[in-house]
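Naming follows writing order (A, B, C, D, E and F), and every chain is counted from residue 1.
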Amino acid sequence: MKNKLRLGLPKGSLQDATIEKMAKAGFNVQVSSRSYVPYVDDEELEIRLIRAQEISRYVEHGYLDAGITGHDWIVENGSKVHEVAEYIFSKISRQPTRWVLAVPEESKIKSVKDLEGKRIATEVVNLTKRWLKKNGVKAEVEFSWGATEVKAHELVDAIVEVTETGSSLRANKLRIVETLLTSTPRLVANVDSWKEKWKRQKIETLDLLLRGAMEAASKVGLKMNIRQDNLPKLLQSLPALRNPTVSTLSQPGWIAVEVIIDEHVVREIIPLFKSAGAEGIIEYPLNKVVY
Amino acid sequence: MKNKLRLGLPKGSLQDATIEKMAKAGFNVQVSSRSYVPYVDDEELEIRLIRAQEISRYVEHGYLDAGITGHDWIVENGSKVHEVAEYIFSKISRQPTRWVLAVPEESKIKSVKDLEGKRIATEVVNLTKRWLKKNGVKAEVEFSWGATEVKAHELVDAIVEVTETGSSLRANKLRIVETLLTSTPRLVANVDSWKEKWKRQKIETLDLLLRGAMEAASKVGLKMNIRQDNLPKLLQSLPALRNPTVSTLSQPGWIAVEVIIDEHVVREIIPLFKSAGAEGIIEYPLNKVVY
Amino acid sequence: MKNKLRLGLPKGSLQDATIEKMAKAGFNVQVSSRSYVPYVDDEELEIRLIRAQEISRYVEHGYLDAGITGHDWIVENGSKVHEVAEYIFSKISRQPTRWVLAVPEESKIKSVKDLEGKRIATEVVNLTKRWLKKNGVKAEVEFSWGATEVKAHELVDAIVEVTETGSSLRANKLRIVETLLTSTPRLVANVDSWKEKWKRQKIETLDLLLRGAMEAASKVGLKMNIRQDNLPKLLQSLPALRNPTVSTLSQPGWIAVEVIIDEHVVREIIPLFKSAGAEGIIEYPLNKVVY
Amino acid sequence: MKNKLRLGLPKGSLQDATIEKMAKAGFNVQVSSRSYVPYVDDEELEIRLIRAQEISRYVEHGYLDAGITGHDWIVENGSKVHEVAEYIFSKISRQPTRWVLAVPEESKIKSVKDLEGKRIATEVVNLTKRWLKKNGVKAEVEFSWGATEVKAHELVDAIVEVTETGSSLRANKLRIVETLLTSTPRLVANVDSWKEKWKRQKIETLDLLLRGAMEAASKVGLKMNIRQDNLPKLLQSLPALRNPTVSTLSQPGWIAVEVIIDEHVVREIIPLFKSAGAEGIIEYPLNKVVY
Amino acid sequence: MKNKLRLGLPKGSLQDATIEKMAKAGFNVQVSSRSYVPYVDDEELEIRLIRAQEISRYVEHGYLDAGITGHDWIVENGSKVHEVAEYIFSKISRQPTRWVLAVPEESKIKSVKDLEGKRIATEVVNLTKRWLKKNGVKAEVEFSWGATEVKAHELVDAIVEVTETGSSLRANKLRIVETLLTSTPRLVANVDSWKEKWKRQKIETLDLLLRGAMEAASKVGLKMNIRQDNLPKLLQSLPALRNPTVSTLSQPGWIAVEVIIDEHVVREIIPLFKSAGAEGIIEYPLNKVVY
Amino acid sequence: MKNKLRLGLPKGSLQDATIEKMAKAGFNVQVSSRSYVPYVDDEELEIRLIRAQEISRYVEHGYLDAGITGHDWIVENGSKVHEVAEYIFSKISRQPTRWVLAVPEESKIKSVKDLEGKRIATEVVNLTKRWLKKNGVKAEVEFSWGATEVKAHELVDAIVEVTETGSSLRANKLRIVETLLTSTPRLVANVDSWKEKWKRQKIETLDLLLRGAMEAASKVGLKMNIRQDNLPKLLQSLPALRNPTVSTLSQPGWIAVEVIIDEHVVREIIPLFKSAGAEGIIEYPLNKVVY
């Protein structure tokens, strides 16, 4: 019988980003509406689409060999799983998401201590209760089914809510008091699956390719011609250039230099290259980068 | 200061239907996206849009004077509220929604007794636990964040899920084992608000108009001319005709008959009217019917 | 066993209009995508959604007891069916659709005679051939899979195409030469089904209600109060008023007059009513009108 | 030759509302995209879709016999036209639109006098200049191609912009200083066309039907049965009831009462009817109301 | 006069895929809605958008010099055309489409022989008749206007329908009995056009570029650095690597290796490269690959 | 304090194209709806979205340091600004846009001279007046609020309208008489800003990167292997090849050639490469090309 790895991917807000990352890694996942078993063009993989909140629970129980989910939900569920890798998905801020305590701008609550005897609405009830306990504070925590932000103004005293840039909280005239947890996407494995050689190798290859695709998303290739004499000056003035590929050209005294760099520094580096004597500079897109 | 009644309406799947009912009752509610405080063209009302799951909790606490929500969530929350009226919203089946125990078609589970030692996923954890206890069965109940139906096939042994016609369950190859609860929308009031004369009257008027609008949705007016001689025959052959309005016409010997009837019997009753001698039969739409 | 009537409705361009007419007649048809067996809320009916081109063929063969389709396709197919009724669906022009011979604006073809030896593209090959034969003209007729209009400019010499207002032909710079056939929707029955008493009655009731709904679509109710003295003058000046319902009012000397009239004459008749002394004129919508 | 009235309707933001009003008045206007000559089902009318800003200009010049446009643009263009009627279209606020002078919230400009030497951006240059002159203020007025609101914060000192509820201005953190002009839709006629008998009659009928349709939009019909004894009490307690139609029923001692009332008072009046002894109250929709 | 090649492209389901392939080949085709003469940025080409069913007919007649269409319709039409090339468009299955005989799952028809005396619906009447004749079977074949699949259950005994993966047939509870024809897209030329030198060269260039673009769609470029010593090992362990480009680097002892490979093997080959000592592996996208 | 450059980008029809060019240049601009201050991921830039018609006016006034706008509006406004660069955005025709005098096809107006005493509608009143004056013609010029094309048929005698390919004018049955102005997008700077060293350098870098991105949009990379012997022949037969990068391969006697060329010549050049002995030709996409 063929070896199979059962992998959980997050349904909902992270779904499209995750499936796009999988595609860039070389695994085409096709979701038919309503199905939680999408097609993947790898016979060794079986995908399950499950809410991010629940994935770690089913990885722990062994229904799934591995899964991609947020660190926050692993903590909220208290799941015992092997963490394989940490990724950064968000293109907007390149910052992790945060679960924060938020209150109305004009509230008197200034720190966790001021929550004594108050009522808090949140989707992460366990995480919030543990944090209150750690701080020696007693407060009522109630589960919020969503739209948590609007409740902070009259239904409860404070909320614990997820945010990336804080802009949605500000738009709701809420003030962040403290951060309970920062969270990033993780690749996690069931403890027993991780001990099986074939499954572990499959998970590690998956991780290698995912990381290669994510690296590539923010990088580009630059290629240029330059006189051999100018190379030392170029490299000296740009010490950050990681390991350029230098190849000889048939035109005597000229070489070709090729580097892989972060896309967002290109606009600063191209003028520098030019003043160092580079010619015929081209920038091209990348699919994967594996060091 | 002006009297105000604070009314909770369900956000989400019931939202559009509820707002349409309110409009037909004469209260125009305008929801701007992201806001949970919609505009309503009645200065005596203040609307809050809140998840159906949470409304009864906030009516009980007194944040809301009244609310429209499902019987199921009142029971799940165990909220102590005054129930004013029961409505039927669904146009599809005219049946209440039901929370049922469902298992894969081929499962060996045939009754609640077979759940002993099993694991059940559901959005109504309390309701399910209480029902298991009443039946003397011990089983693990876990909260499901959604897409509960697909879990029944491999992640858990059974689910407790809401259904109207059962078609979604059948499409997921699930079999209904038992019904835990049937549920309809309810207008509920905070116990103290119900004791205040002005608030109670406002709630009762709201109920009167809502019921009038719902009655009208499934009814039409029929009007026809008939010879006076034929009237007894007409009424005799149609004993179900509730209280027709009979008015005299200026043409001697002829009268006009007007009835309000269920839309779905029109296609049977018009041929009968014709054979009883009715002429110039017209059918017209209604906005409200208040007996 | 329950009696059943199997009814074919046209899939495609006439589909929505037909289903809307059925709904106004009191039969709610619900089409799930890809299905050709829609749900209908009448246990005595079974609906089939079939291309208008094919319905008459299957009514003739007895697969369907009855069907609604265009006269054009009955003729094209040469189907032997019992024609129950003719309807007018189109709201735009209130004119029947026409199959016309069309040529480029600058073509030398001026009449059917000029087609001798030419090539014609059309979706109605039989109808076109029969028409050519009747006119003693020999020409090649080829079946067109669609987008017939664009072919007239270089691929063929002429086309036979369906049109309502001719605007699409004009937009393609085509000129109408002659009309081959005018067509309206028809309710047709299988010859044998029409002989069975129950089926015939069911078809006749269907027809009664469909006509009632279509009548109502172009009509409105008008109601007004007028002094009894003015009534003769009103009726005299408006001889076209069909059978008004005149009822006595409690205010001595005043009567209420109610008429059902074509919507498109309202704009002419209201000024006349006013000058005849009518007061409090209201216009209201109708669902059905059955004489 | 047939008489023809050429009527201009406003293209753009008022277009849909105007065409809907025309339809309710009994004139079906069908706009094909890109065309400015829409079809209308009245051979005596010829419609032109023209920007509201330009209609009065073309009515004045005689290209159009009549047109519907805003009072603001008639004033801005200084057009000499005959004003036939004033309408209220807006369903949101039932208030006329206003052209206001607006400045950033923190601006020092508090009245028209503070504009001396400042720069103002607006779409209504003439109107603004005339208003400044009337107030004895000298300021630069520049024409704005749109998105005027965002300019007030740094490109100019103040703007003159149109608003209905002021919410868009507030959202842009602008403060209203003064109102230059309030505006409603008007039906205007060319001065010569108005003198021709046929054209004037046609315009007057159009106005009668438009007003009838607009009246109906905010009204409903109510019908109920009541014991004759209770009628005086009913009428007494509801002195605002305009001229009810009272008809005799065949059931001795009972009468039918029918009234046309504003939709927004229904919710208050139905409970009153009930307590006055009314039975079988129904509310039905209206197309037109012409007194 | 400029040389011109008139090329037919398939309108309808293949249209977008074909135009995308043309774009990748370097020919930008812009379709304005309703037009069948799209713009192309090559003055030597004239494009016509024609239904796939009809293209071969017009290539045969000489209206078109060449066209892209399915093998199935060439056969159905019995067109005499020169076949230039066969392509594979489908990304889903990489399998050709098939025309199959399909019957209801429970039908007794098990082979072509069982069709004797039956009725078959299909869009490919000629192809079906020829196939029946070849098998010595007599059956009635009728032309189907579409939605053929739903007819198999009661209107006819069997259908001949096109399928790629068979999933749509299975969803309609149909069973495939036999395959009549497999079909792929073809580039075909008019026999006379093919004899003209300029036209033939133009068609051959078009074919060269189309094939180059299709090759590229499923391939990527991989580039890496490796110690010269490790190259033999790398090539030995990966004998399938076609002709890598190996270039010398200025860093002594190191070389750059560049290969073009199928995208779907990348996920297996990158780990192998790494274990063979490759560094700085990058994957980049391709527009065209021409061997 | 950080240096800041305030840059105006055109709102409206050029907006998406401009923002895409900015992104390719390495500046990610994010427009939230209704805002005219979009986010850009460069702290040294501040973007304003302003109608193209107005940008030059605000650059001249100094509200903006620089802006991208059309040459036509710079002329229409008569703005005194420093022109930094001229770009070509349009992918369709690679031709500049033109402002032309257009009249109905059947008009007697054949040249500017025939406009004497006529009325012209246009969005560029100044430009038109200046052009008339230069030609010694007196005519009335009126500002058009849009939909200018439809006016030419009955409201005015001629229009001055913008066009790229003329197809929209032809579709409106208009004939182009003369061209008043051709226009391309320009990067313009405020005269004082251009004198400040930091601002000027920032603008020049922006220009460098924008030109690099635009160059790349119409170019691709081609790479191939060839026997060293064949290189002279290849280069000789393709003298237009700009500066190919020739690198040595490890396979003796073979070299790799890489060129950057216009995408639209690829379809002609690949066959030539092949016949010159090139193998393994690949084409790949580019992000930027800076010489």
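Rule of thumb we're sticking to: a residue touches a chain if its C-beta (ideal position, glycine included) is under 8 Å from a C-beta of that chain, and two chains touch if they have at least 3 such contacts.
Worth saying up front: this structure is predicted, and the values here are computed from it rather than measured.
Looking at chain D and chain F, no chain is in contact with each of them. Comparing the contact residues of chain B and chain C by number shows a mostly separate set, under half of all numbers used being common to the two copies.
Note on chain placement: the centre of chain A and the centre of chain F lie 38 Å apart, centres being C-alpha means. Mean C-alpha position of chain A lies 54 Å from that of chain D.
Centroids of chain B and chain D (each the mean of its C-alpha atoms) stand 38 Å apart. Looking at chain D, residues 247-248, 284-285 sit in touch with two or more other chains.
In terms of which chains touch, the assembly is arranged in some other way, matching none of the line, ring, star or all-to-all patterns. Annotation, chain-chain contacts: A-B, A-E, A-F, B-C, B-D, C-D, C-E, D-F, E-F (touch as defined at the top).
By the touch rule above, chain B contacts chain A in their complex via residues 11, 34-37, 50-51, 53-54, 57-58, 63, 142, 144-147, 150, 154-155. Listed in rising order, the residues of chain B touching chain D in the complex are 25-27, 41-42, 205, 208-209, 212, 216, 221, 243, 245-248, 255, 260, 284-291. Contact residues of chain A toward chain F in the complex are 220, 225, 247-251, 256, 263-264, 266-267, 270-271, 274, 279-285.
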